[in-house]
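Take a look at this one; I'll ask things after.
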Amino acid sequence: MEKRVLSATKEIEVRFSEVDSMGIVWHGSYAKFFEDAREEFGRKYNLGYLRIFGEGFYAPLVKLDFNYKKPLVYGDRLAVEVEYIPTEAAKICFSYRVYAGEGEQRSLMATGSSMQVFLDKNYQLVWGNPEFYEAWKQEWKVFEE
Amino acid sequence: MEKRVLSATKEIEVRFSEVDSMGIVWHGSYAKFFEDAREEFGRKYNLGYLRIFGEGFYAPLVKLDFNYKKPLVYGDRLAVEVEYIPTEAAKICFSYRVYAGEGEQRSLMATGSSMQVFLDKNYQLVWGNPEFYEAWKQEWKVFEE
Amino acid sequence: MEKRVLSATKEIEVRFSEVDSMGIVWHGSYAKFFEDAREEFGRKYNLGYLRIFGEGFYAPLVKLDFNYKKPLVYGDRLAVEVEYIPTEAAKICFSYRVYAGEGEQRSLMATGSSMQVFLDKNYQLVWGNPEFYEAWKQEWKVFEE
Amino acid sequence: MEKRVLSATKEIEVRFSEVDSMGIVWHGSYAKFFEDAREEFGRKYNLGYLRIFGEGFYAPLVKLDFNYKKPLVYGDRLAVEVEYIPTEAAKICFSYRVYAGEGEQRSLMATGSSMQVFLDKNYQLVWGNPEFYEAWKQEWKVFEE
């Protein structure tokens, strides 16, 4: 049975305002980097915020976690790799790897994961997979682990 | 003719994440301080975002300016004084003064001003004063300069 | 053997700019709420960013995670309870509980945890407990689990 | 006498977290867009934050203003044009124009300006032009208006 790894990479430049008074990228800024990566994935596989909203849903986060391995500093150019983690449930799960540097200097700076659920326009939790999401999972041949 | 000065003061603590790598509060953070002060004014005089939204309007900013006189640092407790600047037009204008320190150490750190207009729920500019705003101006005896 | 629970509560008002286009507080804003709670704990027990910096260290986060149970909206007043989680290691661990509402309407909105390590001023990881931190643990009768 | 217009353009994608609950880009986010444009100028003409810091100075903002003409929304791709405004004084002045859309749909969304001064590493105001800045002005043939 075919199981595909769906992933995308978003390249990001650190903004001056994202660096804190310790001279490193403030830990909370990584939420924006992960979101940029999610939206890059969304553009690539047609599963971004605007698509989901257009189908009649919101997809807020219910879980988010970060592991900060090495600090990012101003001037760093990041590559955030995001991978879709398949699930049967009505959830969207991703894992993230943040790299800085090129070639031999390429280094893993942080990792993390996130989980989203579906709410309808009345903010009610959607328990079963939305039709468009079922179709999406089938289209991209994503099978549960 | 009676002309009243409508004003409010919002006390704010600087957050660690608002301090930049120069060790001072990042200039863009002041937009949040001004907005907090606007909303404090809104609570005091019943003209906050939620009231305006409830009346069927949005009140986005069309002008915003800052003069940074002395840098704010982590640990500073600010007092932002916001004063309503009367106008005949369908606009909401404020001027701001940011203070840090108490008593003899009280010091003016920054000033600024903002101007908002009214949009209806279709994001169309409202040219004349919304009824509730006319009533508000009369209620608080605000006459144009 | 005496083991004390060290905790603090920070009251926070949601800022307009922290609410996203889904009408709920953007998930990344919670990093600021947790940091405000950490600093409130720091004020109460003398273990804030400024104290640590004054002792010659930085205490960046190495782990951070969030569980979002119910969405926060504009107008919500939060109470973030932060509890110190004792450890033998040269780490500072906290767990967080975010509440909104008062009395009978008080509701758990989110939880999370964080872990910090110590770096010296050259950004080198400090493997053993800094002297001031050992003294702090003893002063507050914090024993390892 | 030769007077050169020094300018740069920074292309920016609106982040989901920069859109507020009115569905438009929060006005305070433009401070980041302007800063990104300043740093793009800095890369092009060697006058960015890192260069200035390397020369022994900080260049904080003392004035910043925005005129918001049309709202930006999620999905918009901006082009921020920044132009250096020459001055004899020890200041760095820029004016900004924010565009969205391509070709015939290209539209001016906002404008603004900023002014920076020089502080030495002790945060003392530098009254005369730093040597490197005099040299920079001459190198790029920037004459005062």
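Per-chain numbering from 1; labels A, B, C and D assigned in written order.
Quick note on the criterion: contacts are C-beta pairs under 8 Å (C-beta built on N, C-alpha and C of every residue); 3 or more make two chains touch, one makes a residue touch a chain.
Nothing here was measured: the structure is a model prediction, and the numbers come from that model.
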Remotest chain, chain D as reference, centres from CA atoms: C
Centroid spacing, where centroids are CA-atom means, of chain C and chain D in whole angstrom: 36
Separation of mean Cα positions, chain C and chain A [Å, integer]: 24
Approximate Å spacing (C-alpha centroids) for the pair chain B, chain C: 30
Multi-chain contact residues (two or more partners), chain C: 16-17, 28, 31-32, 35, 74
Topology of the chain contact graph, where touching chains are joined (line, ring, star, complete, other): complete
Contact set on chain B toward chain A in their complex: 16-17, 19-21, 23, 26, 28, 74
Contacting residues of chain C [partner chain A, same complex]: 22, 24, 27-28, 31-32, 35, 58, 60-69, 71, 123
Residues of chain C touching chain B in the complex: 15-17, 31-32, 35-36, 39, 49-50, 74-75
